[in-house]
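Every chain is named by a letter (A, B and C) in the order it is written, and numbering of its residues begins at 1.
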Amino acid sequence: MSDYSDRGNKDASITRTDNMPTLTPAHPESGPSHYVGSGGPFLIGDGMTGGYGGADILHDCTISVDKGEIAVIVGPNGAGKSTAMKAVFGMLNIHTGSVRLNGEDITALSPQARVNKGMGFVPQTNNIFTSMTVEENLEMGAFIRRDDISQTMEQVYELFPILRDKRRQPAGELSGGQRQQVAVGRALMTQPQVLMLDEPTAGVSPIVMDELFDRIIEVARTGISILMVEQNARQALEIADKGYVLVQGRNRYTDTGKALLADPEVRKSFLGG
Amino acid sequence: MDFLNALVALLNFVIIPATAYGSQLALGALGVTLIYGILRFSNFAHGDGMALGTMFVILTTWGLQAAGISFGPLPTALLALPIGIALTALLFIATDRAVYRFYRRQKAAPVIFVIASLGVMFVYNALTRFIIGPDDQRFADGERFIISARDFREATGLAEGLAFRTSQGITIVTAIIVVAALFWFLNKTRTGKSMRAFSDNEDLALLSGINPERVVMVTWIIVAALAVTAGTLYGLDKSYRPFTYFQLLLPIFASAIVGGLGNPLGAIAGGFIIAYSEVMVTYAWKKIVTYLVPETMAPEGLVQLLGTEYKFAVSFVILIIVLLVRPTGIFRGKAV
Amino acid sequence: MNNATRTPLLFACMGFLIIATGVLQSWDSALNLLNFGLIAAIMALGVNMQWGYAGLFNVGIMGFVALGGVAAVLVSMPPVNDAWAQGGLRMIFALAVGVGTIIGAIMVFRRLKAQRFRGLIVLAILVIGAMIFRALFGPARDAIEAVNPAGEGYLGGLGLPILLAWPIGALFAAGAAWIVGKTALGLRSDYLAIATLGISEIILAVIRNEDWLTRGVKNVNGLPRPWPVPYEIELQEDPGFLARAEAWGMDPVGLSTLTVKLAYAGLFLLVLLILMWLAQKALQSPWGRMMRAIRDNETAAEAMGKDVKKRHLHIFVIGSAVCGLAGAMMTTMDGLLNPGAYQPLRYTFLIWVMVIVGGSGNNWGAVLGGMLVWFLYVQVEPLGTWLMSVMTAGLDDGSALKQHLIDNAIYMRFLVMGIFLLLVLRFSPRGLIPER
């Protein structure tokens, strides 16, 4: 179903491929009992309808991502992008549809339980412990783990070398881009199989944004699936294996990132020409 | 010589008492600030919780004394302290289960917690008075002085005596140990770090798999330890009277706010600021000034800025100044 | 059941409780309950204005109530001319110096915005001012307190009718509230709470220790009665009254006490009704709607251009003034000012129980809560003692434990109040008569 060679950004020169870290998934052996076969996506929010209690925000919305793939949700303001992702993570109630991870139905699980199942989530704001050091942030990310975390921490430091230099500094003193790295690093500490990012580049400069996207690609190369909501639609679709354009809580366009970028309709309506 | 005498008097009447009192306030304020940081409300039952916890210690002390067990030159109350802490911790956790947990699940506004703590205050207050009564209780024993004024005078030949009471020495040493242990716990242990994480960012802590009920329970245990230690030290150093402990609420809260609510370092700094100000403003400086100035200039009055009966005014004024100048406190607490 | 039927029903129950007390215990205690209940209701009304209308958390009620009591003394007691001659003017001068120092320090602080040594200069002004103040104040105080210390030893009051003290007590409390509100409003609600707790402790410390002003813990006795309330002695000497007592077949002494208490009850009821009328009018006026709008959503109200802090200051001052009024009324009825009797649990936190139990935001609820909680507070005491004597019946009469338990049974009332508050807060958080 997914073609790994069809990654949006194949220009190796802008990614740091030398001594690239390998992030091992936490549950390499998990899943086979319910696995629906090789055809099903790794994580899918299927036909989700629901909201925060009042009127429905999502209407029959489907989001899925495959192993090692980057899926990006874009759309205009108020389209329900973040809501769709939070629904996949269990932060709001959906009354119709289901969420399946590796074939297993996890619709009824709490966000915390989903973390235990191998999902990592990076909220858009307040995504770090500002009063704690970078290292402590990473430790807290691995709170549910009882085994030795030094290996994983080493991998995160290799992925984000700046964090190693700043590991004794309170995370609140870092710059916006560094904070986002801490936030992603914290989520990686559980060794998730899926990493969900809510607008990771909100409020950072274009240069930092490019760097963050590079890192995200690196994470995906280690076999971790990425599901991401992005305001910067064009840049995000460039690195996306799969793109979802949501409008008013509904799927409007779904295709590979490349195809969406090429689609004149999408370009005109959502990418500013 | 006169200068030395003045120095000794300063040490005797200002520095030692203020340091002991500051340690007691700091321990009390740490309890308030932890509750504020983790459970996010100002606990008005803290003063009466201290009184109740100290009551457990006193009753245990009496029991030990009756059984003929003593701690040598140290007060028996120190032996009773762990039992008092355990009982108080159980009581605090039971209170949390019965009262606060419900509002936590409801995500009630902080002020509702505060009102609930008023109800808890009534209950603790009644229990204390019902069991031990409203009057002064004595429970200090052991050696009274580390250095007595007479010994000091004989040893140094100075006119001014220096008395260093055991209770003051124990207060300072215990406070240092407790604070060091607390900071070690908060900064070095997994549970301590998870408490800080919870206080820093509750949602993210939940997302990281930190169990809020466990954090809250550990917090109450620590708060019980701090409150009972503070209360026992205060009782040994001054006297035990339940109403006095209620009145301590004001300087304790002032310490916590002055230092920055929710910030443990601030609570300690605040405790000492309040204690030193209180002692210095209400101390009659006549003696020290007389030593220092030529005889003809010796003051007639007491050279006291404020009578001791107004010591609460000192905490209050410092509190108001900090609220006006820097509402987040000296060490930037969580509150605005 | 909506409030329209619920309110009269609950008030009828309250009336029944008081009448039952009269029948079962004595009419004297029933009237005592009613009178203090009415005063408590007024205090609760004042706190409800702050909490229910504006969400302000005031735990300094005791201080404002005590200020009302001071007003009663300062207005109604005859001036002690000797004391005035000995140190009155000196005292006024000393106080002027004290106030001048503070104002001067504030002015200097504002003037020297960018100065480096601003803090030090202000501190120097304050310290020097305080020294001069104490040098002037000490002798003046001693002179005043030396005048007939057994009976007077203070400046006395203005010798005016005590009814005047009621609005003046309100003014005193309003002034103190204005100072607290100016500094602590606009900050978190917890800070206002600590600030009010502090000011009330300080007010009480002043009243207890400044003998030249209020005789401190020596108490001021024999405050004059307000205008329509007669003295028992006068009644007992009035032939018309004696004839009536005989006609009704009652003991003239008992009847005179009841008459006096009834007169107070009438007076208090009148004040309460006027306050209720004003409070209800205010609540339904555009001003009241605005207050509630601010309480429910401060940010939105601020966005609409409402000066939230100023509105809060208004309501805080008004509510505290009502507490001051109630305090003056209470001291008037007691006929004495006893600073030792002011306990925060009784005069601050019990009022909070009243407001929460009654129904925050609803004036009728506050009044009902005031009367009901006061009733319980008083009646739990004999109940607790009785309960204890039943429970300890098995113990030896001479046993220390039994004596201890019976002696301390009075503290049961605090336990009951605390549990009552917690239960209402949990299971009926909007109180007996909800706002709407």
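Note that contacts are C-beta pairs under 8 Å (C-beta built on N, C-alpha and C of every residue); 3 or more make two chains touch, one makes a residue touch a chain.
From a predicted model like this one, the values you see are computed outputs, not experimental measurements.
The fewest steps needed to get from chain A to chain C, moving only between touching chains, is 2. Seen from the C-alpha centroid of chain A, the farthest chain centroid is that of C. By number of C-beta pairs in contact, chains B-C lead all other pairings.
When every chain is reduced to the mean of its C-alpha atoms, the one closest to the centre of the whole protein set is B. Note on chain placement: the centre of chain A and the centre of chain C lie 60 Å apart, centres being C-alpha means. A separation of 30 Å divides the Cα centre of chain B from that of chain C. If you average the Cα atoms of chain A and of chain B, the two centres end up 48 Å apart.
Of all residues in chain C, none touches two or more other chains. Along chain B, no residue makes contact with two or more other chains.
Those residues of chain B lying in contact with chain C across their complex are 41-42, 44, 99, 102, 110-112, 114-116, 118-123, 125-127, 129-131, 133-134, 246-247, 249-250, 253-254, 257, 261, 301, 303-307, 309-310, 312-313, 315-316, 319-320, 323-324, 327, 335-336.
Touching chain A in their complex are the following residues of chain B: 190, 193-194, 196-197, 199-201, 203-210. Those residues of chain C whose C-beta lies close enough to touch chain B in the complex are 55, 57, 59, 127, 130-131, 134-135, 138, 183-184, 187-191, 193-195, 197-199, 201-202, 205-206, 208-209, 344-345, 349, 352-353, 356, 404, 407-409, 411-415, 417-419, 421-422, 425-426, 429.
Of all residues in chain A, only 111-112, 115-116, 121, 123, 126-132, 136, 139-141, 143-144, 186, 190 touch chain B in the complex they form.
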